[in-house]
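Listed below are the structures to be examined.
One chain, chain A, appears in both complexes that follow, with chain B as partner in the first and chain C in the second.
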Partner chain A sequence: MNKSDLLMAVYIGGILFLVYLPMAHMIVFSFNTLPLLYYPFQGWSLRWYNAFINDPGLIGSLQNSIIQAGITTVVTVAVSASTALALRRRFPLHDAFFYMILLGMIYPGVTLGLTNLVVDIRVFNIPLSIWTVSSTLSVWTVPFGLLILMMRFDPNLSRYEEAARTHRASEWKVFTNITFPLIRTELIVVALFAFTMALGEVFRSTFVSSLTAPVLPVLLLSTLGTKPPTPEYFALGTVITVVSLSAILIGGAILVRRGGLVTKR
Partner chain B sequence: MDGPSKLVVQGLTKRFGKVVAVNEVSFEIRDGEFFVIIGPSGCGKTTSLRCVAGLETPDSGSIRVSGSDIGNMPVYKRDVCIVFQDLALFAHMNVFDNVSFGLRMMGYPKDRIEKEVNEVLRLVRLEGLGDRRITELSGGQKQRVALARSLVLKPSILLFDEPIGGSEPELRDRMLGEIKDLHRRLGFTALYVTHDQEQAMRLADRIMVMNQGSIEQIGTPEEVYLNPATLFVAKFVGDINLVRGKVASIDSNEKRVEVETEVGTFLAPIREDVIVGEPVAYAVRPEKPLVGKDAANCANKFHAKLKDRIYRGSNLEYVFELPNGDEFKVLLAEEPATRIEIGEEAILGCRIEDSVVISKSSVIEGLDIDRVTLGE
Partner chain C sequence: MLTTVELAALITVILVAISLPIAYILAIKVKSDAIKNLVLLVALAPFWIDWNIRMIAWYPVFGANGFLSSIYLWILKGLGYSNAEPVSLLFTNASVIITWIQSLLLFMVVPIYLMMLRMDPIVLKAASTLRASTLKTFYHITLKWSLPGILIGSVFVFSLAMVDYATPLLVGGGLPTIGVIIWQLGSYYDWTKAMALSTLVLAIILVVVAITLRRVSITRILY
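What follows is the complex of A and B.
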């Protein structure tokens, strides 16, 4: 190993250490017998997993979060995909439309949550639920989805669609046979992105989450204010991490096998 | 070729904002005819083709295929196919799925699709390559897949949008030969768009020359080459020598026009659009003039000084300077009997039947023919 290889190894090691140390810490201390988030590590137990599984409030909010993130993902994929496809054509106020959608990305989170609260409750008289969270978060996730799609679309997509049209494909068949298969990889990327954003978002959710059935980040933030945290949170974090990691790995494996993502056309 | 009309386009106009891409264009293509639209980029040839396919919506005009108006028909219902400039083969499908695409969209049964696709693959010499991915094919194979994808549908009209523009010359020649051969064997009706006059000459039964959205001339390759309607056509299709002058007299008995120029008086076959006293150009293709002793029997004789001699392998290009300072090019198969040295004067001769008199620059009003960028 020469000098630059060594330097590279140290550098990569350092980065991995910084990224994964907190995660490793979380996983290890989720198994601690003591209600401590740090040393000393007393011994291995599933005590906190047990506690979290038997905590109906926590489990309920996790469920709410997953459903909410699922709804937000579906909305984000559908809206950003149809918008990105439409924006390939020129139409009146094309640019204004584009920038107005992007606004959702830079709009301050707290303000977005607060104004949605006011509009939902006062203007439309809608009770707060996972749906109000989803509708608020979608305003924020859609522009990210849109940007990802617009950057990654195959530049020849429109040509392929035209070719399909002149070879007997109706608009619907053009979409199912050409457009969708060619943007599927990008849609998966957007879905992963939107799900992650929606699952973890606190600020935008706080104002529009139901008080009786909150989403997980909102519940955690509110309990943190009243009682000290225990390794139960670490157990919860470990479960979420393991589940998401395996989902991403499986998704990634499928993408790589289809030749997407890395080896791009 | 005098078959019934397959495609009738009448008064086709298409604007993009303020730009008129196609301006009141009308033409007919007969059944089984190979029709080529040629013109510089931006002349409206591709837009015309896209209007026929339905990929552009014309602002006015009618398009009829086999007698029925297809103006309001959605693209996929029109009985036409395009072989695209960049081929636009579906990258996520293999060769078989590309070629079978249209048949699958029409919902044909599997065994029939397989039979017809294999037949077409054999026709374009891609037998056994059905499983190949598009990325694994050579340039020529890709072109044949694109051709097969359209041919398999047996469309009323096969549209070609410069599918073999950027290829290397050898490959291009082979593909042109194959397209011509397939046309002879299958007898399809073709509308082919290109900016390349060589391709047009080689493929066309008739050529339509377009310029700035309008038609300059429609005719057989011979008519367009030997009797160009305008200076634009003369210059766009091949090389030509022009001597400017005006019409001195018209002899309707002998069917001749006499053109008076600074170089001398020339005789050319009569044309309807010529008026006595009007400015015209006397024109002759560079391979037509005779040099030295051979020129003796020509009706049109004049002196010119040899400026340059370019050896081109298959022929010799002699560049002469006329007394008025203009250049006059002559292509010769071999050196003339008496060799002419650079700087020497020689006698040139042009036969009447090789001469043309052209009275219009272009169908476009006020077009400065010398400033038009020709070709690509």
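What follows is the complex of A and C.
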């Protein structure tokens, strides 16, 4: 290892340190015995885990969030898969359609939330619930799913499908026997990413979340914006972090095993 | 309004500077695909965790008796200043910027990395054969080649930082950025005003996107 290699390793190490520094503090301080979030650390206890498990408001909104993220995941997988398959062919306004979907990625979160609020309440008169949150978040998760699928489709997918059609397989048979098995792993990855994205998104869900049964990020922002956090929130955060990190690492590991996070062309 | 644009522009510039070496090291210097993937995966995994939770996780780091303050005191004591006071970074612009570096890094590193992966290593070899200095090679080849990635990443970071209200609210102590103002207006049911402001933000972001798309095509990064 020469000097420049060492320098590069130190640089990457520093970035990783910065990224994981707050995470490590959150996990350690969630076990604090006193309701303090600063040094010196007082000693280990599980009281804050006990506190959040017995907090009906937090647990209720966590349940809402999990159901909402589940709905969003199903919608994202279905819509991004069908869109990615369709976009392989040229059709009128192909590029315009593609860019319109991609707009969901950079469309400002707060604007998306407000627009959906007005459309849901004023135009369609739909009461706010986890369904309005899901419909809003899907606009944002679908383009990410679409990009993952488009970057990683098997280059020979269309050829295999064509071969099956030549042998007079019905379109349904082509999908169930050829297309679906070939994109199944990618769909699992999209589902994992969509679920964790939808579970933690605050900006797009603020205005479309019901006031009586809010999703977790919305409840957290409104509580934490008014009073300082206790280790109770750190305990909750640790649980969510461990679950989300495992989901993302599993998803990433699947992508790596199937030829790298991003494929070289 | 101006504060918001300034802060968003500042974090964009900072992130370009931080991300270029990361993408360069990962895409070009690291030869093993396994290490590339491992570093990328480990570095990017936390970005999918709940935004609020990532924000409050910074409290023990920034606070008056937090991690950074303790290190600062330790260094000062080591230098012989026994009466040094603890400092709190919490609820300052600096803490917002540091938090953003952590939370928006992904959106800058990945587009630049994708562009650099496509760079032909032969060109770099040619440059070194012709005795170009490392800095010259970096400026004339690497930087120009990864420009589309830098632009796309900047659009992402700028548009996310513009309307972020959780960070200014939780770490910045209610810094009145445009996102916080829209959030407050919306929370007090002043939807018309909130919509007017967010339309303005959308217009700014779309102008930035339009300028970027004139220079690069997204599809060039994808295919």
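One rule holds for everything that comes next: the second predicted complex is superposed on the first by the 228 of 265 C-alpha atoms of A that agree within 3 Å, B and C clash if a C-alpha of one lies under 4 Å from a C-alpha of the other, contacts with A are read in each partner's own complex, and residues count from 1 in each chain.
Definition applied: a residue touches a chain if its C-beta (ideal position, glycine included) is under 8 Å from a C-beta of that chain, and two chains touch if they have at least 3 such contacts.
Note that the coordinates shown come from a computational prediction; the quantities given were computed from them, not determined experimentally.
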| item | value |
| --- | --- |
| Which of chain B and chain C A:Leu102 touches, first, second, both or neither | second |
| Contacts of A:Ala86 with chain B and chain C, given as first, second, both or neither | neither |
| Partner chain in contact with A:Asn156 - chain B first, chain C second, else both or neither | first |
| Which of chain B and chain C A:Ile250 touches, first, second, both or neither | neither |
| Contacts of A:His167 with chain B and chain C, given as first, second, both or neither | first |
| Touched chain A residues, chain B compared with chain C | C |
| First (chain B), second (chain C), both or neither touched by A:Leu6 | neither |
| Touching partner for A:Leu182 - first (chain B), second (chain C), both, neither | first |
| Partner chain in contact with A:Val110 - chain B first, chain C second, else both or neither | second |
| Intersection of the chain A residues that touch chain B with those that touch chain C | 265 |
| Residues of chain C touching chain A in the complex | 18, 21-22, 25-26, 29, 33, 36-46, 48-61, 63-67, 70, 98, 101-102, 105, 113-114, 117-118, 155-156, 159, 162-166, 169-170, 174, 179, 182-183, 186, 191, 194-195, 198-199, 201-202, 205, 209, 218-219, 222-223 |
| Touching residues (chain side chain B, partner chain A) in the complex | 53-55, 74-76, 78, 80-82, 84, 86, 88-92, 101-103, 105-106, 149-150, 153, 159 |
| Residues of chain A defined as touching chain C within the complex | 8, 11-12, 15-16, 18-23, 25-26, 28-29, 37-40, 95, 98-99, 102, 105-111, 113-115, 117-118, 147, 150-151, 193, 196-197, 199-203, 206-207, 216-217, 220-221, 224-225, 229, 233-234, 236-237, 240-241, 244-245, 247-249, 252-253, 256, 260-262, 264-265 |
| Chain A to chain B touching residues, read off their complex | 154, 156, 159-160, 162-171, 173, 177-178, 181-182, 265 |
